[in-house]
């Protein structure tokens, strides 16, 4: 069996909603992953440098306060420059301001480099079981 | 001063919602009209024959239970035959089944011969003051 | 005191069977009813479809269900509508019939029904149960795991279809709210000397539950007359062989009164059932009912608040069912979606509040309960006196003389000499007592309460106040401060 | 016992003025503030715009207002939003600022604001009050006849603009819910040794009201720690010269506890204000606050029910304000329309229920009140002991040692060794006490209550139970029967 994949978690930008990412982190740990939990208000730069340092396989980013797109301006370019093109990128939470149709918002975040984009109140256990493990396996990281 | 105009009131068809027409009748009386209150469940034929007998100037019809159009099939023809073409015809209440846009329903009732068609919860005092008196005056009946 | 009794001219068995057939023969679908098969079918139903058992189970488990109103003419839509109700947690489902069916105009219904299917539009204001008949209605019943109750019509087609409630006794609803010319004498003949169908089924082990309505207060009006009529309905139903019944208690919007009445009504019904010797008739629960005029169509916020307020009253009173309308009540027959969202809200309250097992004690409940109890007993005593011990004879004389009376009735044979208004806290009080035999001290109590409001508003209450009070809950302003026309 | 005191290093007047200017100079709009003119402007405001007077008037008249949350970046939209709130009966209006403004990133805000106007889209999650400055924000204030309160940011730009509340004292909200690295030492320095602006205005006859938040319980968790922190906030605010304040009492969804806490919180705040010698600081009312996770975006019925439930708790507790979210809380920043419909619902409850003057007595309120009171006193006693009579010193030591602790904090300097779960009736209980100095008999009480739930559900409670309980109100299932994951 391979060594456990390394996953980074945290809320991006000035987002202070920490409960979700805490639960995500704990659930990942319980599922056997190697978790680097950055907590809240993590800058895009910090995500990238920690990913480099830890040789992370995925980032599960959280944003509830509606300004994720503003926080993530230029993020994809920077992570490509940092040679992290192969790392999985997921984001979940309340991604824009106001009530929204996740279908409309998903492509915008895909453009920002995210492999998967989740609507509010997504069940994290299901995501780990049906998406994360599959994606990691596909990349040969699990 | 002319003699008070005669107004007929009542709910049409099998409609048992009597409170509205009771209030309409009392308010008309208080405003000095000569009111013939037929109460609930008045057939179209009864409206016509009473109008002939009393030489009525207007009918203020009520229907809340949503089936007014079914009840009023052929009503306009009959009242024309009865020579009541000059009589004012108003209707108010919940005129069709379900939540509706009064603007869409109004033309249908105009076709049925009504001069004015009112949405649910119309204030009857306002109607008497701003519509009924004006219309009666225009017809030289007040 | 004379021996209490209920005039009982039990119909001859052969005649009963003949009358039942006659009634069914009014429309071809009646042929689908085979009495013995109907009994067998009823007996084959699972507990979850049997109204009285569902009510009993809800009560045992400390749970609640909405008892909504729902009826739409296209069968497939009706099934979908009821399914969506079930998904919102409703286990007590109505089959509200349209007004033409209620009036027996089946031929007309048949034409319109064709038109409904042709246009896909619900042109009737309910489900035309007679025209659909047994086979089709069984399809409805079998599609949803819940108990069904006919509203307004249905007869033995309903029973044979697996609906498990049935009217019994002297029903004041039809007389007081739906009839224009019926006399009280006719009502009694019709409901008592008529068929004792409920008893016939009970004798065969099929218990069809009855909901007691009493004389619906069409406006803010104290509940005593309603409760008296519920008691009359109960004892006359029991006398016909009814074994299971429960009161729908109209909630008028003053929490103290509503809670007092919810407590008082089943207690007095039980007492009188026992007094009259019907200890075996069970009361399966209590169902507070949202009654006065609803907020107008455009005021969805108000509609929601009103709905959850009544849910809350139901939950705090630990009722097992609540008769609720939807947020579209002021607009028209509700859609599937407005039903769903409305009853999800109710369910939230039921689940959250009911299950907290809150024990509340509201000041003045005792006073309200006592006042209404004295009124109810005074009126009932007078009725029994008028009937010389016979509650049915007494009822006839009481309605004729205004000893039983209620405002805003469409029925020309009703005295309509009484009137109610709200007091300074929104409680319902008598403004005009008519011929109701209310004791003088209680009359004084009402007058004092009305005077408080007059002082607050700085003007006399009269007919116009009573009219204005029709809208007090609707406009979300139950009391007089500030005068809501200002 | 040592003399009770609050560490008081009153800042030198010259230094105060210098620091105030420095703060304002962080962005060009700061120049719009002339201190004396601000005082004059505040004094020119009508009573209906002065928060403490509006609260007092609501209380006197037995009325209530929603205290919502609202902020949108385009000024014209913000005016319209607030106008629609006013039309729904809201007289306490927030100016919720966006998160970048709260973090002082004004340059970034400036760019995004331009983008907002270009696209017509609200890209910021609030109203950027600093970038708008005084003139424009006065336009907002003057457009609506209501009192305004800055949320999260605003400083003296808010005051000069006519907003009439201001933070004072040691605010646990920023420390416990918004900060990642701040130490309690830093919090105290910042809020106490910093500017005593509220006092400066009070000296000049301008009373800016403070709302006390305490340490927000982020999950079902008993309220004792929150109340202790509200008391600390109150006395430290009063010490800075604050003359008007009121508690926002988090309602956790168990009616008995909610009502007990609403009663207890202002009582204890008053007691400690007096004890510390601040008899002249007035408590302008009590504002129950809807706190736990909301029903999910799609469950509008549940959202409405939850909203009206809290309105009802506010009305039954005769509060003068209720901190309510909208039916879109689970979805995102609410629109004008969802706000309107939500607060119309609340207003219906306020008007109908509040004005009925219902006196209720809920069983077990006394127990809950007593239990929480013992906890609060135990923690406070320990704090004052740790501080050797000084409540501020004690607070620092208490947070550092976990004598003050709360779960789910984003702050790395918080112990986070405590945890709460609901009991069999949905009341909040301690699952892990951490280092909270709760008396043993009270600990036993909590353990017993938790055991009742364990028995009901047939399994042990643990961290996962606590996580699951985050959703108990959200899913409309406050208690364990049946296990809501079944």
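In this document, chain identifiers A, B, C and D correspond to the written order of the chains, with residue numbering beginning at 1 in each.
Going forward, a residue touches a chain if its C-beta (ideal position, glycine included) is under 8 Å from a C-beta of that chain, and two chains touch if they have at least 3 such contacts.
Treat the numbers as computed from the prediction; the structure is a model and nothing was measured.
Computed centre separation for the pair chain B/chain C is 31 angstrom, with centres defined by C-alpha atoms. For the pair chain B and chain D, the distance between C-alpha centroids works out to 56 Å. The geometric centre of chain A is 66 Å away from that of chain B, both derived from CA atoms. For chain C, no residue reaches two or more other chains under the stated contact definition.
With touch defined as above, chain A holds no residue shared between interfaces to two or more other chains.
If each chain is drawn as a node and touching chains are joined, the picture is a simple open line.
Interchain contacts (touch definition given at top) occur between A-D, B-C, C-D. Residues 88, 253-256, 295, 299-302, 304-306, 308-309, 311-312, 340-349, 351-353, 355-364, 425-426, 473, 476-479, 481 of chain C are the ones touching chain D in the complex. For chain C in complex with chain B, the residues that touch the partner chain are 98-100, 102-103, 105, 108, 112, 122-125, 177-178, 180, 218-219, 296-297, 328, 330-335, 338, 408-410, 412, 463, 467, 470. Those residues of chain B that touch chain C in the shared complex are 13-16, 18-19, 22-23, 26, 39-41, 65-67, 70, 94, 96-100, 120-121.
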